[in-house]
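What follows is chain A paired twice: with chain B in the first complex and chain C in the second.
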Partner chain A sequence: MKITIDRAALLKPLAHVQSVVERRNTIPILANVLLRAADGTLSLTATDMDLDVVESVGCSVDQPGQTTVPAHTLYEIVRKLQDGSEVELTAVGDSGRMTIRAGRSNFSLPTLPMEEFPALSGDTLPTSFVLSAADAKTLIDRTRFAISTEETRYYLNGIFLHEAKAGDVAVLRAVATDGHRLARVQMPLPTGAAGMPAVIVPRKAVQEIRKLIEETDGDVQVSLSENKLRFAFESSVLTTKLIDGTFPDYERVIPTGNDKMLRVESSMFKRAVDRVATISTEKSRSVKLSLTSGTLTLSANSPDNAQATEEVDVDYAAAAIEIGFNSRYLMDIADQIDEGSKAVFAMADAASPTVVTDESDDGTLYVLMPMRV
Partner chain B sequence: MTSQRTLCRDCFTWPPSTSAAPPERCPRCGSRRLVSHPELDRLSIAHIDCDAFYASVEKRDDPSLLDKPVIIGGGRRGVVSAACYVARIYGVRSAMPMFKALAACPHAVVIKPNMAKYAAAGAEVRALMRDVTPLVEPLSIDEAFLDLSGTDRLHGGAPAETLARLTGRIEEKVGVTASIGLSYNKFLAKVASDLDKPRGFFVIGANRIEQFLADRPVSMIWGVGKALYRTLLADGIRTVGDLQGLDERELMRRYGSIGQRLARFSHGQDSRAVEPGSVIKSVSSETTFNDDISATDALRPYLWRLSEEVSDRLKRKALCGWVVTLKLKTADFRSHSRQRRLSSPTQLADRIYRTADSLLEDAVDGRRFRLIGVGVTDLAGDRLADPRDLAEPGLERRHRVETAMDAVRAKLGKTAIMKGRGLRVDTLKQSPSSRLHPEDDTD
Partner chain C sequence: MTPSQLILDLGYRRALGRSDYLVTACNADAAAWIDRWPDWPAPLRGLAIVGPAECGKTHLGAVWRRASGAVAVNAADLTVDGLPDALGDATHAAVDDLTGIRAPQALLHLYNTVAERGGSVLILSRTAPARCDFGLPDLASRLATLPIAMVGPPDEALLAGVLGKHFADRQVAVREDVVAYLVARMERSFSAAYRLVDRLDRLALAEGRKVDRALAKRALADDETDRGE
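Let's turn to the complex of A and B:
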């Protein structure tokens, strides 16, 4: 294999694939990136056995071929090369080495045979549909903060992506929960998604997909089977295994009869919660919301007797109520509601789940468990 | 030379010292229990330690045991939890394996620990301590530091007198004896209480403290365990005096942060305050089997009983914790512990058990175990305990079941109602030994 490529063109796909490679690996081949050169294209593949990313980039191929080299090392080398330089990658036959040359810099890295490289991608997946980058972003951003990190409940360690009905309308839904809060976002079901399997997308895949979305404006091709999901972008394809488990029946925990309605401008609310929570303990981070007609009083106190209160003008006309929440969870939700838009809290009592929605977006809904205060 | 100050521990009077030599008997009541020290009326940091506490409680409840050697410990395979002073004459010590203790003292009366009873007596002792100062820092069920600074006027006497009256009240109301160590900091107070036992009162003053400490072994310094002791010996440091000759920075360079403590303690300096807040850091319970066990199914009933035990005590103390720890000791005495952090703190036996059980499944691999233990750490007040869970609606129902069972037991006794998973004859016979772990659990 022998190719020549512009440093910047090589750096970008390398940055994507190296973030998939785990820093500590017991299996040597998993620390490597698979390089394949043919037909004027270099493709780079990295995997952690649960997900893989394949990136393609145009280059001048002097001699087609393939090899694998340590991903982080190659990334670091290319990153440190002079900007604007031409990089030449050469791996000759069975030499077991690949040389990297740019200007007056020379490197030689040990290679491992590509036959050892595990393959995830390649097969075709039965269900396929297209999402705009903006929609894909919404599905992830509105839910991922609620993903659980608890190992024992592995089935909560991802986003539950599935088809559902909202009234008569078929929708694509993403749901995540850690037991304390739940986030649900939905949008009209894209063409081709009907009959899709319900899947749980693992947290690491969600993070990597989110990074790839950030760099695209175009559409995203999504395809999936019962145990694999693929996101295809212009020049990168991510394939991930799915979490093998059953997501809980979340609809049962979304209350429908909550009638104490609070409307508050979200960014102002968030800043007030943040200020009051300063003195709340690291462990509980609780703040109390005391509501009377037209006024919300946020308060917090600490075991060593510090106290804080702040009053906020709100739309509230129901009976007075006091209810406590984890301040971080309140802010996570407020973060997802656009500046200037109002958050709508539907409450029942201090012990029952509260529903939060975004007044300007009827596709999202959050459920928040109160804390005893 | 400063003159001695003397206190009678029976009539709480201060006989005048006519010369440097203190009187042998109290001129007022004739008691020989006098304590004398030049700084006696000025020192205010105390360590109070009950004498052979578990054994003393048993002797209190059965006077026929008074002159017999009594060992508190569990089963053929257990260890000695406590030995009375009669048993100690035969060489029986705490934490000694039971078979060794019985070899040393074959006629000893062995009593299985009744933790509930000791905890009740310990709570009475602590309540009496708190009557004299809010600054009580418990170290375990039967010992605590007390800071009596500035209480002279309140109690109408120097701290030494207040302490003498306090141990008198502990004897009278709880029926056990305690020893007092009095000094000007925690380190020395703890050292002192160990130097005159049982029913003792030892005073360590600031005057010539370095001389006092110089000949003592470095192992007396809190924090010097077996490993560090060996290291110090290898470096030629055997006594506290050897440490006194070394610079604090040099000791820190050699031994890390403990080096600072070594340096300061060796000169009798300890700036730690008596902190009533740092009470309990973890709640745990463990049991040693009569015969080694390797099968998960056979371990589970023990695990459930221990989880219940830990849960009971968390509930009683209005606590809950974020981290569940499983401890196993193999037949060759290797300890293994695994822990898992929960999404919310718990005090429920059911959640403690389920979490420990998932750890157990990972740990069991055919090895034979001689001991199993469960603990909950990273504690918080029970206001945060076991909130409803959006992803697990069943949790709330299990929570209610457990609360209902607790209510039945409170009325009718512990065995009135039980879960099937705990019903195994051998686990019922064996009562687990359990402890509350304060910040620095001595003993």
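Let's turn to the complex of A and C:
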């Protein structure tokens, strides 16, 4: 294999694929990126056995071929090469090495045979639909903060993507929960998604997909089966295995009869929570909300007797209530609500789930469990 | 008071298949009776499974209902007026939690109806039917004819299996040494197994941590405190 490619053109796909490769690998081939050169294109593939990313980029192919080299090392080399330089990659036969030349810099990396490289992608997935990059972004951004990070709680370690009904309307829903809060976003069901399997997309795949979305303005082709999901972009394809678990029946925790309604401008609310929570311990991060007609009083205290309160004018006319929350959760939700828009809190009591919605967006909904304070 | 995070009641689904039912010496008899159906003694091919709370009676009932197509009836919900709807045109019926019965007359009607239809009745109860005083001699005499399969207190192997199943039902990954730690220190009962797993599941979810030995130790201590030991 021998190719020549602009350093910047090589760096971008390498950045994508190398982030899939785990830093520590017990299987040597998984530390490598698979390079395939043919027909004026270099394709780069990396996998951790659960997900793989295939990137394609145009290049000058002097001699077609394929090999695998350590992904992180190759990425670091290319990253440190001078911007604007031409990079020549050469792997000769069974030499077991690939050389990287750019200007007066020369590197030689050990290779592993491509036959050892595991294949994850390639099969056809039965359900397929198109999402705009903006919609794909919304599905992820509005939910991923609520994904559980506790590894043994594997069925909550991802976003539950499924078809549902909102009244009579078929919708595509993304839901995530860590057992303390829940985020749900929905949008009209895309053409082709009817009958799709309900799947849990793992957190790592969510992060990688989100990075790829950031660099596209166009549409995203989504394909899935019961155990795999694929996001295809213009020059990259990510295929991931899905979480083998059952997502909880989350609708049971979304209350419908909460009648204590609080409306508050979200960014102002977030700043006030942030200020008051300065006093709260790092461990609990609790903040108490005391609501009386037209006024929200936020308060916090710490075991060493520090105290903080702040009053906020709000739209609230129901019976007085005191309710505690984790301040970080309040701010995470406030972050999802557009600047200048109002967050609507529907509360029942200090021990029951509170529903938070965005007054200007009827597609999102958050459920937050209080803290006992 | 230290602030504590409350958790969403996300629920879980119990696996109620035959292969999910763990069998050791203490429940082998009950499982064998279920597997043997419809080869139960005539005339009413009925059975009473008697055992302590959370010993898997409802699970065995679900296995049998799948095999027989029986309807499930909770004894507490049985009423004379509601019986036709509860039974429908089913031939067989499984009656859960016999001790909770409020209308013994309805159970007598159910028994007679199933007998007329040539069906089977499965009674699930914490107490042997003969020891229940329904104040209804006709019902008592009918129930007295049912063979009884007892589920005894769990042995260590079953206790470990039951803990593992409760964790698996809740999709909580727990190492075997944590299960062994619990088995060695917990009250030897089915209800304690259910209670501890429920407590551990909630604690772990509330604190965003895994179920490990340290958490198991706390759950055992909290369980003892709650039970006033």
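One rule holds in what follows: the second predicted complex is superposed on the first by the 373 of 373 C-alpha atoms of A that agree within 3 Å, B and C clash if a C-alpha of one lies under 4 Å from a C-alpha of the other, contacts with A are read in each partner's own complex, and residues count from 1 in each chain.
As a convention for this text, contacts are C-beta pairs under 8 Å (C-beta built on N, C-alpha and C of every residue); 3 or more make two chains touch, one makes a residue touch a chain.
Given the structure is predicted, the values throughout are model-derived calculations rather than measurements.
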When the two structures are laid over each other on chain A, do chain B and chain C clash or fit?
-> clash
Counting touched residues of chain A, say whether chain B or chain C comes out ahead.
-> C
Is A:G245 contacted by the first partner chain B, the second partner chain C, both or neither?
-> second
In the superposed arrangement, does A:R153 touch chain B (first), chain C (second), both or neither?
-> both
So, does A:P353 touch the first partner chain B, the second partner chain C, both, or neither?
-> both
Once the structures are lined up on chain A, find the stretch of chain C hitting chain B; candidates are 4-12, 40-48, 58-66 or 112-120.
-> 4-12
Chain A positions touched by chain B in one structure and by chain C in the second = 148, 150-153, 177-182, 248, 250, 252-253, 284, 351, 353, 367, 369, 371-373
For the chain A and chain C complex, residues of the former touching the latter = 148-155, 177-182, 245-246, 248-250, 252-253, 284, 286, 324, 326, 351, 353, 367, 369-373
Complex contacts: residues of chain C adjacent to chain A | 1-13, 171-174, 204-206, 208-211
Contact set on chain A toward chain B in their complex = 148, 150-153, 156, 177-182, 248, 250, 252-253, 283-284, 351, 353, 367, 369, 371-373
Note which residues of chain B are touching chain A in the complex, please.
-> 340, 342-344, 355, 358, 380, 383-384, 387-393
